[in-house]
Amino acid sequence: MTKIKVFEKPKLRNPILVEGLPGVGNIGRVAAGYLIEELGAKKFAQLYSKHFFPFVMLHENYQTHLLKNEFYYWKAKKKGQRDLIFLIGDCQSLSTQGHYEIIEAILDFIEGFGVKEMITIGGLATGEIEEDTPTVYGAVSDKELVKKYAKMGIDFSAGERVGYIVGASGLFLGLGKERGMKGLCMLGETSGFPIVTDPKAAEAVLDILNKILKIKVDMGKLEGRVNEMEKFIKKVEALQKKAIMQISGDEKGQPEAKEQLRYIG
Amino acid sequence: MTKIKVFEKPKLRNPILVEGLPGVGNIGRVAAGYLIEELGAKKFAQLYSKHFFPFVMLHENYQTHLLKNEFYYWKAKKKGQRDLIFLIGDCQSLSTQGHYEIIEAILDFIEGFGVKEMITIGGLATGEIEEDTPTVYGAVSDKELVKKYAKMGIDFSAGERVGYIVGASGLFLGLGKERGMKGLCMLGETSGFPIVTDPKAAEAVLDILNKILKIKVDMGKLEGRVNEMEKFIKKVEALQKKAIMQISGDEKGQPEAKEQLRYIG
Amino acid sequence: MTKIKVFEKPKLRNPILVEGLPGVGNIGRVAAGYLIEELGAKKFAQLYSKHFFPFVMLHENYQTHLLKNEFYYWKAKKKGQRDLIFLIGDCQSLSTQGHYEIIEAILDFIEGFGVKEMITIGGLATGEIEEDTPTVYGAVSDKELVKKYAKMGIDFSAGERVGYIVGASGLFLGLGKERGMKGLCMLGETSGFPIVTDPKAAEAVLDILNKILKIKVDMGKLEGRVNEMEKFIKKVEALQKKAIMQISGDEKGQPEAKEQLRYIG
Amino acid sequence: MTKIKVFEKPKLRNPILVEGLPGVGNIGRVAAGYLIEELGAKKFAQLYSKHFFPFVMLHENYQTHLLKNEFYYWKAKKKGQRDLIFLIGDCQSLSTQGHYEIIEAILDFIEGFGVKEMITIGGLATGEIEEDTPTVYGAVSDKELVKKYAKMGIDFSAGERVGYIVGASGLFLGLGKERGMKGLCMLGETSGFPIVTDPKAAEAVLDILNKILKIKVDMGKLEGRVNEMEKFIKKVEALQKKAIMQISGDEKGQPEAKEQLRYIG
């Protein structure tokens, strides 16, 4: 059960997918989320799946929120620009098999809009707090893309630091290639300490995205926005630590749920 | 494999689903179960699933009982009342993915009876034995429902105590909303110590349910009934502690089953 | 993927299923296996499933053996006897969900032969080495069966010792009832120490089966046969302890397989 | 989701499958891989699956590589030779159920090319560094194959050292037999220390394969090639130890992924 609910079927010309699902440093989420707001991209579909956590979040104390991934589109305004599809969301798959199933479902869906290129955004965790401007590492599904993107300031030596890319950012390139799509994965250098949003790494990624997509997005609001996000994230953290566990499931009969909660709490 | 066996297809007018599956304090199970008996609601379908525990329970020492969820209906008797569908049962899904699959199967089923509204019942575990009348916290799938239900005595500050609602009570609202259904989740405040049935929290929920559903259910028998349930639950507990494990499965070849039994025992 | 390969489609009149899959004390396996040989029942189908262990066993040092469940039939010879279908095998499901899936597949299959009654055989582990003749406990899917079977010497107070029956022996009754099949589960009292075959408990079960099925099976060869099985089982045990692990899977990429092997070894 | 992408549909006469997926000592991978290169076999299909790890590997620092299994074919050149299909790859299934699902998918596929015989290659781990020429143990799906292959120098006493064969090498024989295919599994004796490629065991297997398949493959380049592979493997190991983890998934919401990474790191 992975369902995509479609609100609108925009006509797009040769669009690029920009993926920014949660991950190390939440770099993709911040960067893609910021572009969506600054460009005024429009939501046209959302996805939910049995591979997500079986709970709803509470917004503003009382409003239930189902875990989702969301699709937005933006149409090119100027020459040189491209139509864009953004993919952001609350989470990635909980299970290993779910990663494959969800990404295949998304590829089926966006193939229908003519997507042949994609840019995915993740983080490369160094384990150290970096002082300098974070490097943006890159990986590509097709060798010839390196020339094009190296000029933009992307460092293509990621493989010296990591042997693989786990989750959506990597699998989109791998599974996309099987369908003839070409992809770039941008990995912002970050400390990797969990659940910290890294605005500096997101900014470094956004700088390069601006160049690649030929858009001019004002970076001035980024810090404010990240602060907002940080506040929200910290609040959720705090709530979870208080851990007034509400479990709508028989403890006795639900070892898995119990495990998750211990994990969450 | 999630199957719904239908005994009768009642014609219902704009019915509300009242969900009371097992959970913290078994508040939903007690409250919905009590309403079913007091109102004389009629069983019309039952569900079983591969996502439940792979065992049968023994009733009255020798009668096997497959784990099930059950559907009952009740037709409005007076003006202002609504037709009702009750969902109660022995358990929720054992696996995270099963929650989504079972609830989607139930939503498919009840959609066929015209359900557009739902009330789910769970518990909010505080970790403390409370002396006072338990608060009933609420969460809704749509903001505008708050006004309607706040008047009934529901406290909509749950989000200050919990960040999410795990399992059926929450997912019914989340997944139902995707189909245009509106829902209220009532969370009775309870200590949350496992497998204790909390009659006070159930009563607090029933008081409000009486108002919302405009039914007049005599609360006098509740304590007696909860005592009965307690007796049953304690007996099961005791039996399990004696733990004369009967495993119809090769220990050698069944790590999962073994794990469950250690858990149960 | 649960497949049933059918060699022959026997015409049977109102047959009873006798299930003897591996379990505590391997009582069902011994009892049903012994009946198959003594009666000369004929194999007509076999089942394999992704829910079994992903390995083949080695017979006689070099012949691979896929894990299977097997179906045999036997036709009534005398008045009062009934046609029989036997189900025996190497293992039960490894996963909880697999139990439901495999048993549903088997019920679909045997329903085609007109099965409306079933006798399943398991063990009730007491944790103690018993000196006396083992009690045979019983459980039934329908109350009215108790009268019929209590006369045969089955003790229907199992529920005082166990609260549930895990795995195939129990689920066949529970899931069968949903299809209008009636069932008896016989639980031979046994110590429950793993991977010990309990010939005394199997004999106690066979004595009662002889009466129920109105067959006269000579019990004289049972001890010899159980000794043979013991020898085989001990050999497998010894081989596994030497644990010259042969793993046809990248250790690196196979945490689950690794886990199983640690378990086996 | 297990997909086979087909590049070419070769016409083959009564081909034999030679399977060399990763395993203990990577013996199958080395042996089959060496034959593919020396014979100039041609790739005609590849498989990927949700049962593989949810990541892409990085080749040459920046090129993403989806985990795959690959099919190659080679046509007989001389009398006495047979057409061959080779199966090699990056990994086997991560989950127990995936083994069955992937192998069934492959059997469906190769059945279409008329495969009725197969040779699978694994390792038999002894736990000791052996000085002498490694023994090649054998197992077969059909007894009568023993005579044919014992002459080639295969030792059919494997069962004295192991009780089963885990993963693809064994399941191909077991599941293949259910379709009327006959199979030999060759197990090269190796120490079994993880992620070490054992060239000596691979050479012992290749010597016998040369005889069985009536091909004359020059063994002179084997050592060089294994050294190359070793270098690659050690590099990957080193990268992973540095463990600059790049996780494109919310740590918080991904217990499974986390677990894998701890495992990998």
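Note that the chains take the letters A, B, C and D in the order they are written out, and that residue 1 is the start of every chain.
What we mean here is this: contacts are C-beta pairs under 8 Å (C-beta built on N, C-alpha and C of every residue); 3 or more make two chains touch, one makes a residue touch a chain.
This is a predicted model, so every value here is computed, not measured.
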item: Same vs different contact residues, chain A with chain D, by half of numbers used; value: different
item: Chain B and chain D: spacing of chain centres that average the CA atoms, whole Å; value: 50
item: Centroid spacing, where centroids are CA-atom means, of chain A and chain B in whole angstrom; value: 35
item: Where chain B touches two or more other chains, by residue; value: 52-53, 94-95, 260
item: Chain-level touch network, classified as line, ring, star, complete or other; value: ring
item: Of all residues in chain D, those that touch chain A in their complex; value: 1, 3, 5, 48-67, 94-95, 236, 239-240, 242-257, 260-261, 264
item: Chain A-facing residues of chain B, complex; value: 21-24, 26, 28, 52-53, 90-97, 99-101, 104, 120, 122-127, 138-143, 146, 156-171, 173-175, 177-178, 183, 185, 187, 192, 194-195, 259-260, 263-264
